[in-house]
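In the two complexes that follow, chain A is the common piece, with chain B as its partner first and chain C second.
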Partner chain A sequence: MEVKESNRRVLEAKELMVFYENMLALNNVTLHCEEESILGVFGSNSAGKSTLMYTLSGIILDIKYKEEMKGGERISVFGKITFEGKDITSLKPHERARLGIILCPERRRIFPESSVLENLFIGSYLARKEREENLEYVLNLFPRLKDHLKRQGGFLSGGEQQMLAIGRALMANPKMLLLDEPLLGLSPAYQEIVITGIKQIRDTRKITIIVTEQYARPVLPIIDYGYILENGSSVLSGTKEELLDNPDVKSAYFGV
Partner chain B sequence: MEQLRRERLDRSLKVRTEGIYAISAFEEILYLLGPRLLFIVGILILPFILEAAPYWKRVINIMCAYAIIAISFDFLSNFVGLVCLGGALFTGIGGYFTAIYNHYFSFPMYLSIPLAAVSGALFCTVVLLPALPLRGVYFAIVTLMYPLLFSRIIEALNILGGTNGISGIQSFPNPYIEHYTVILILLFFLFGLRRFVNEDIGLVFRGVKDNDQAVKASGINVTTIKIYAVFIASLMGCFSGAYIAHLYMWAGLSLFALDFSIIPIASTVIGGGGTLIGAVIGSFILVPLSEILREAGTLRIVIYCVVLTLFIVFKSEGLMIYLQRKYHQFERWVKV
Partner chain C sequence: MHILVYGVINSITLSLISLGFALVYSISRVPNFAHGALYITTGYIVWLFINKITGFPYLLAIILGISISGIIGALIYRLILIRIRGMEISEIIATYAIGVAILEGLRWGGLRGMTFTLPVFISGSTEILGVTVDFQRIVVVVCGALTFLFLYFFTHHTRVGLALRGIAQDERAAMMLGIDSDLTAILSLAIGSALAGFAALLLLPLGNIIVEAGYSVLIFAVAVCVIGGLGSLLGTVIASFIIGFAQILTDKYLSTHYQMVVALLAIIITLIVKPSGLFGKQKELEERV
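After this line comes the complex of A and B, so read on.
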């Protein structure tokens, strides 16, 4: 794909390799992400999508440390990640979050015993000054949350929890949003809401977004560029038209 | 740039010993049995080795009694998911029950210890019953509270000897019976429990720890399962208490002391949780250590705390998990 001169690469990952003990979870994945674009990463189970997200957000370093202390699996991470021209490979997750890389983890991981409003406020800890504007923005983006502000997070439906998780990530004023399987377990109607929400976030907030998903069809219309992971390696990349033109990809990930 | 990765692989010997081939050659059999035999034989000849130091011979008994409580803690916390902060509840109840049987009913020792273990375990299970259907810290709080409760009841009502305790409990007829009772029972509980947690019901126990809702969905009553687990654990704890009471020929409020709760937990941390044998090794380190530190006076607690903290910071996996890994696996550098 030809890179437009005006678009700068926000995030670049070079030759990422992650081993869980002797199992190769990511094999030589190189990817880059342009400013204000939506990047889709598709792959089946065990393709390495979540590991990629953990590696980009730095959570993998935390998992690695905990496993080490527990005497469990040894995790080795290789490669180089640059964000806005800065090498962030060895930065801890919270330091990366301060730079603006916010992860919205798989299965949402909201705080079940805090209310919706509290969940959002926890997310806004890094951006307390802009809390009110951000709150208003999130509630406009997902009006459904407005009705449940006082309810405990754990008692929301799956779709509302997903909105809440994305909202919580937005409250931190991210420059880059990593969404790990945001459509997991959502009905088609809720998928629609979340997908339009994601597109709206990019258009209005100028945030760069990476979305992973197993089934590419619902996400495809909004992405600018996509990667396909298979068994830890990136087998194909291209714009959505290029991806759709490939017959293997079509049958495997788009259900056509 | 060339990158290297440290790779961990199972030893070929370990892989060979996993199936029926384990009995194919002497080397394989030795690989499997070696560590176990070393432990069993080591602990069995320990009383003879320490013949030269009579003071330390008594430490063996205390060490093994603590090891049994530590196994019960390890079993409850790492296989059933109930964090029990009240080893002292078990020792106290077991000790007082055996004192009652021996002192008031004049049962002989070989009857009063098993009776105290079983009836004490039943008693503990019943008093812990209200906390069992719940998940979380409730069980821990209740177990922490009961030893205080019972010792205060005895003190306030001045029953069962009050603050003086019940003295004149029958002692063991000779030191070797003293040592081997507790050593054999320890070996029985250790290897029995290791086998037990891999039986079907043991798998259910571990399921309760990981996700009790999924266990309920499989048609199993979680509370019943927890009752079995608490009974087994308190059986071990009560045996220890009864044994200690006969060892000191006295049952008093110090059987409810915090030591019986804390040292087993510390042993499990040092030895490595979830291995059972780790808890034993841990108390074999900690109990003699606290004996040595007895001369240091008040500083004993300080040194003790420093050792524990260092362990948690630098080897929080625990000794046994580390040793097992070194025994079964080797490491090498490979190119990425």
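After this line comes the complex of A and C, so read on.
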């Protein structure tokens, strides 16, 4: 799929730098995201994918604050993030969520003691009026959740939890969805369901999506544009064809 | 029969005292050691209303008292705790200091002696299973049960209640969904303090408003919450029943003075045998894994 030139840049991040004490977690990362596109961010463990997601969603500010309170690690964040033309660099996570940026975190972080339905309802905190509509949409997207509505979130399998986590994020009516390693630990069958789901979300809800993943191959067919992170730096970016043509990338991330 | 009836009454009394403390802790992870002080403060405020202003309606005084207690709780968080959030020891020291300051301030301000009493809601008594029970204690039991039902409904079926539970289970995951952690903490302190006030107005008519009760209420609340597993509402109720009946039994077979010992011993035994409490569940586990 090609990205039209006229498309607006929804999210722009400029020169993001994040330090944990003296360890550089993100080094001068600049990226942007076109409206209604799917952006892939690939990199190995500790390449900075999760830190990038935390920085975009503002969670890093909360981590930084909590660490300061505990007298723990000193975290420094530099750079500028704009969303729909607005500078959101210093906004707290819940304020960014209110603008429409919803993060679906690594390892899903389902509310373990709440039922599936309650998990979804907690997700609808920002969109109470559209709750029933969104619920119907999510259950159509992932019909498998229908069978477990009363089950406690903690007792679901990994794949079901991932569907629930994405569904919960959708209940908040996001404009932009950040998915941090949504395929982590899933069986190929579930990977397939989740990937199809992600594409369907973009196509039907017109939501801009950023997906991070360690292995690019399963996600590659659905992305419009991709970045490759290595040791905190963005070493390469391009459309999926450009990424595929690069021999280094091919061997390192696509497992070809 | 006496043991059964008064055991139930005592247990519900304890759970009324502890629910506010448990609720605050489960949502905001703040151990509110000013709980007992808010309990006495509410009683005193209502006493002031009905005794210093002639003809002041009791019901209005109660509503005002509970609201003021809630507001004080919210202010404690907004003005003080927000600055030390996440430093557990400081939270305990700060809330305990606030509690002591309030209680000793009241004592200094004239809350001494046995002259401070609140009227019961309905006077008189009746017989249940051959045991004489006054109506106020029945009101306590009914209100205790209603409070629990209300809390259950609130936290399972309302938008704000669900948000509170989200924060309680995984603060950061809830933040990602747009829930403001500070706002929910303020709210939890307000609700918890209002519950302390509510408990005070139900229970104080059975005795005197004395400063010492503020301290013992705090100890009972902490005991119940430690045994039930900090942060579990169901555990709180079950622990109330355990301590409640244990107290009535010691009262019957030993002496009334040992009631406090029972609560403190229960804390020690729980901490030795099962430090996470009866219903301390996953949180502990996750940390170990």
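Rule of thumb we're sticking to: the second predicted complex is superposed on the first by the 251 of 256 C-alpha atoms of A that agree within 3 Å, B and C clash if a C-alpha of one lies under 4 Å from a C-alpha of the other, contacts with A are read in each partner's own complex, and residues count from 1 in each chain.
Criterion: a residue touches a chain if its C-beta (ideal position, glycine included) is under 8 Å from a C-beta of that chain, and two chains touch if they have at least 3 such contacts.
Worth saying up front: this structure is predicted, and the values here are computed from it rather than measured.
Because the two structures share chain A, they can be overlaid on it, and in that overlay chain B clashes with chain C. Of the two partner chains placed by the overlay, only chain B lies in contact with A:Met17; chain C stays clear of it. Looking at the shared chain after the overlay, A:Arg217 reaches neither chain B nor chain C.
In the superposed model, A:Leu103 lies in contact with chain C only, and not with chain B.
Once chain A of one complex is fitted onto chain A of the other, the partner contacts of A:Lys70 extend to both chain B and chain C.
In the superposition on chain A, contact is made by A:Phe78 with chain B only, not with chain C. Of the two partner chains, chain C is the only one that A:Glu113 touches; chain B does not reach it.
Taking chain A as the reference, the larger set of touched residues comes from C, when chain B and chain C are compared. With the complexes overlaid on chain A C-alpha atoms, the stretch of chain C that clashes with chain B is 92-100, out of 92-100, 110-118 or 164-172.
Judged by the document's definition of touching, chain A residues 69-70 lie at the interface with chain B and also at the interface with chain C. Residues of chain A that touch chain C in their complex: 57, 59, 62, 66, 69-70, 92-94, 97-98, 102-105, 109-114, 118, 121-126, 128, 154, 168-169, 172. Contact residues on chain B toward chain A in their complex (touch as defined above): 3, 5-9, 272, 316-318, 321-322, 325, 336.
The touching residues of chain A, counted against chain B in their complex, run 17, 19, 21-22, 69-72, 74, 76, 78.
By the touch criterion stated above, chain C contacts chain A in their complex at residues 84-87, 156, 159, 162-163, 165-166, 169-170, 172-181, 281-282.
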